[in-house]
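Got a structure here, written out as structure tokens. Questions coming.
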Amino acid sequence: MNITPLLAAAPSPFVIGIVVFVLAVFIGFELISKVPSRLHTPLMSGSNAISGITIVGALLCSYSGSVFGVILAFFGIVFATTNVVGGYLVTDRMLKMFQSKDNH
Amino acid sequence: MTLAILGYDLINLLYLLAAVLFIFGLKMLGRVETAAKGNAVSAVGMLLATVVTFFFIVDGTWWSILWIVPALALGGVAGTVMAKRVEMTQMPQMVALLNGFGGIASLLVAAADYFNLYGVSGETVRAISLAGPTYSLTIGLAVAIGAITFTGSIMAFGKLQGVKWAPDQPIQLPGQKWIVFGGLGLLALMITFLMIWPGGWPWVLLMTLVALGLGVLLVIGIGGADMPVVVALLNSYSGVAAAMAGFVLNNYALIITGSLVGSSGLILTNIMCKAMNRSLMNVLFGGMGAAPSGAANASATDGSTPQGTATESSAEDAAIVLEAASSVVVVPGYGMAVAQAQHAVKEFAAELENKGIEVTYAVHPVAGRMPGHMNVLLAEAGVEYDVLLDLEPANARLETADVALVIGANDVTNPAARHDTSSPLYGMPILNVDHARTVFVIKRSLNPGFAGIQNPLYFQDNTRMVFGDAKKVVTDLVNELEQI
Amino acid sequence: MTLAILGYDLINLLYLLAAVLFIFGLKMLGRVETAAKGNAVSAVGMLLATVVTFFFIVDGTWWSILWIVPALALGGVAGTVMAKRVEMTQMPQMVALLNGFGGIASLLVAAADYFNLYGVSGETVRAISLAGPTYSLTIGLAVAIGAITFTGSIMAFGKLQGVKWAPDQPIQLPGQKWIVFGGLGLLALMITFLMIWPGGWPWVLLMTLVALGLGVLLVIGIGGADMPVVVALLNSYSGVAAAMAGFVLNNYALIITGSLVGSSGLILTNIMCKAMNRSLMNVLFGGMGAAPSGAANASATDGSTPQGTATESSAEDAAIVLEAASSVVVVPGYGMAVAQAQHAVKEFAAELENKGIEVTYAVHPVAGRMPGHMNVLLAEAGVEYDVLLDLEPANARLETADVALVIGANDVTNPAARHDTSSPLYGMPILNVDHARTVFVIKRSLNPGFAGIQNPLYFQDNTRMVFGDAKKVVTDLVNELEQI
Amino acid sequence: MNITPLLAAAPSPFVIGIVVFVLAVFIGFELISKVPSRLHTPLMSGSNAISGITIVGALLCSYSGSVFGVILAFFGIVFATTNVVGGYLVTDRMLKMFQSKDNH
């Protein structure tokens, strides 16, 4: 009559990661469908900006550890931030073009 | 302890919120009416994720702001300047460049975590071994995919920008296919080594070098005009690289968001391929194999020698016919972009509209060299959104149009795509300009376009060629129309 | 230890595989061509999840097969017998019943885990407290939602089956709305208590009782004909209950699958509501409030008194007109189901087809009393799939049809839905039978249908009423046609 | 220079559960759209069968713990199995009706 094994029956973080990964992949697949061609480039650029999420990872690596590691993380932040900021601004500029003329 | 766990819980719930914002943002980006808002929604998600992480870090180790803030500032300024300076016609290469930055960032994150772990303890190997072989696996994948994304994107940038170290033509080394497969095998081998000897940091550096080379090799073999699809695919890769970095750090924000971008990017790549009538496989395997890769082999292709005779005409004659029409459909193509003729075209349309002639634009999904190329240019010139017709309404309109005016478009108007099964374009949906009463084609010669094949349209009875640079001819048309 | 963790990892990866099979299964269930295969795919997922769990359990405690195997056998036999015995027309109540079983199963799972934990250790309260307040929260939610799903589904079953303890008419207690809200408030309060005093097991029992009562109350106030939507909603609830049980057990299979069913069920509910022109809110709040709830208040409604005069006709006359037609559209409705006239209708159509007359069926999405009701009945009678027309093609066909033969349908043909803004049906897409050259309507009287309102169709110039039981009249028609 | 907090930065199982829950909810929402009305009942019945996944939970509760708990789990297995088996068979019967006549 020992219940502990069941309560402790959590999978490893790696497997949890895989579960989360697979679910998110399905969402991504379902999300995009029948995009008009004029949105292909902005959509590409917008999702490119989102892939800059690696900025979170760069920040998390940047505060401690080895000097070499922190230096790498420093450049990681620089590149990821450029990706994020540039990506969103460029997408916004492109999309502004498609709006009605009153906004100009 | 309890508080710390609540802290991680809260952070992860906020990351989840950010991911939800990305999901909504991506969905909204797929519809014209909501696209701009969707981009803003996703930007809010990114801000949230970044700010949360920033405070989490700084709360623990305040002194780290000494290098974190400069790094953020540097990236922010660089991104802003790039985004503001770039011209509308250079958007694709801009996206490619930024995408490369995302790739190298994921590479750096994985490497940083590895060397941080390495540097922390005297008992290095034990520390890394404890993290398990899956740690080494994801380190390897993040580094490899990140590196391939980086150099691949830089090459794509170069080809789109037209710099000389990245020639527009596809460059195929002898046995390139095998070199690529060999490189991939080598990477797999090195990742396996790292899993067995997690302390072997030289493998990480070596792996990076091999993957960087592979990225160059994969893209150098593809023609410049295929780059938009390549960039879409590399965008998907950069998502996967971020997800792998997420596995390294056990961070759900990175895993969720990275895989979202990875899979939605793959779908977008697929959609773009379909619009160009090419298979995803063809692109997935680096453009190696069958299809003719762009203009390079143009003169070699059978169809490129003229068949029959084309009837030439002048701007003056064209203006007379146009003036007598009641409905004109303008069909822009790559040539309009090269000649930067969009403003002249807008002026020309205004001239016709003044005379009570209805002008619409038939925009093919792959006209030009990037998706939405024509839309961006015409929008820049101030053409109203509602006169830009997509493929189907455009073809309906062409059935009854008096004049179809083709300005620097070629492949997207090739009637061979409809019936000639031997044509490389066969099966691609095209604009049926040949169904209009009269067709005027503005281009410099009878030379073929991107696909490198001749266009039977030019030898039709109802087609008139007006040879010359698009901008010049259209400006001439405006002048002629003013005089009538 | 390492092995055990690998074990859990493997199990969870197999659970993930099962979830992926459910996702594909659900997607395939939404398309006619793939639906049957989709059901099989999802069944394989379920088998996988069950077998994996079974071996995991039995591996640890082999003696538990002594009661697990009988339980599985019992359920398996019961399920098989029920599924084989049920008649096609009783499908909705069958689904309701099974859904109720799913709800009570989730309730039992949560309660079992709670009392297992409770029974294990002398230091009961400490054991449960250790699991944290979120444990009590999810116990409470699983119990409450499971219980509501159970009794709600049983009531829906009763109303659909027409048993006397579940009257078809909606029964509204005085101040019912407040009783329901009061009950929900009470549940919330009790869950809070449980979170504060996790050892207070009487709360769990009390909560179960309150929720069981609430389930009855929620559904008893809704008319029998609304039950399909209620069942769809309760199906979504049972998914949420399973997900909550998953939180209790920290089991991702339950969490993922439960929330999949919960959200996709909500979407399906929404789609069904739209087809019936009712709002989701209207259903979500237990049918309380505005809309007239079915036939009960039929005679009270304004529109129920006949306007103008209807022209009567006989089977004999109808047969003559039908025989002269070249295109006939049959419009089946609830009356055909009541009269079990589908086989006669099939015979009738065969008779016409023998004479070279084209027969199609116009099937409205909400004809009858459950979605797909007409399709199931006509398929049972052997009508080919391709002559069953959905709303839009049916309306196109009706524009040019010689005869529209309405068999026991009423609301779905009511032209008031198109233009009379005061009609409760206004805005619902209907079958435009009034656009056919001649309309024959077979029903027993001029009484209204489900919505309780009169149908102006019956008083049109080109409409002929043939009064009588649907099966009898159609059989008469067949006889008449044979004689011609 | 202490790296442990970051490596241990795993959220609680409850929060992981919420992450997984939210992602699956999105998949469910995207999955179903524009179902022809004749499939509404089979789809309802098919997803009802899937909600019988609680059979896994019932099995996990059935092997140890208190006698009362195991009795509850016993009935849980019975009901869940009925739901699963009955649900899939009924759905299959319904869908068979829609198939072309050669299958009969």
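By letter and in written order, the chains are A, B, C and D; residue numbering begins at 1 in each of them.
We adopt the following convention: a residue touches a chain if its C-beta (ideal position, glycine included) is under 8 Å from a C-beta of that chain, and two chains touch if they have at least 3 such contacts.
What you see is a predicted model; the values in this text were computed from it and never measured.
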Farthest chain (mean CA position) relative to chain B: C
Distance between chain centroids, defined by C-alpha means - chain A, chain B (Å): 18
Chain B and chain C: spacing of chain centres that average the CA atoms, whole Å: 46
Between chain B and chain D, centroid-to-centroid distance (C-alpha), Å: 40
Sequence positions of chain A contacting 2 or more other chains: 1-3, 6, 10, 12-14, 16, 19-20, 22-24, 26-27, 31, 60, 64-65
Chain C, residues touching no fewer than two other chains: 23, 60, 116-117, 120, 249-250, 252, 256
Pairwise touch network: line, ring, star, complete, or other: other
Which pairs of chains touch, using the document's own definition: A-B, A-C, A-D, B-D, C-D
In the complex, chain C residues that touch chain D: 15, 19, 22-23, 25-27, 29-32, 35-36, 38-40, 42-43, 45-46, 49-50, 53-54, 57, 60-61, 64, 67-68, 71-72, 74-76, 78-80, 82-84, 86, 88, 91-92, 94-95, 98-99, 101-102, 104-106, 108-109, 111-120, 132, 134, 138, 228, 231-232, 235, 238-239, 241-243, 245-268, 271-272, 275, 363, 365-366, 370-373, 375-376, 379-380, 382, 384-385, 388, 390
Partner chain B, residues of chain D touching it in the complex: 1-3, 5-7, 9-12, 14-16, 18-19, 22-23, 26
Residue ranges of chain D in contact with chain A within the complex: 1-3, 6, 10, 13, 16, 19-20, 23-24, 26-27, 30-31, 60, 64-65
Chain B residues touching chain D - in the complex, by the definition given at the top: 4-5, 8-9, 11-13, 16, 20, 23, 60, 116-117, 120, 131, 249-250, 252, 256
Chain A residues touching chain B - in the complex, by the definition given at the top: 12-14, 17, 20-22, 24-29, 31-70, 72-101
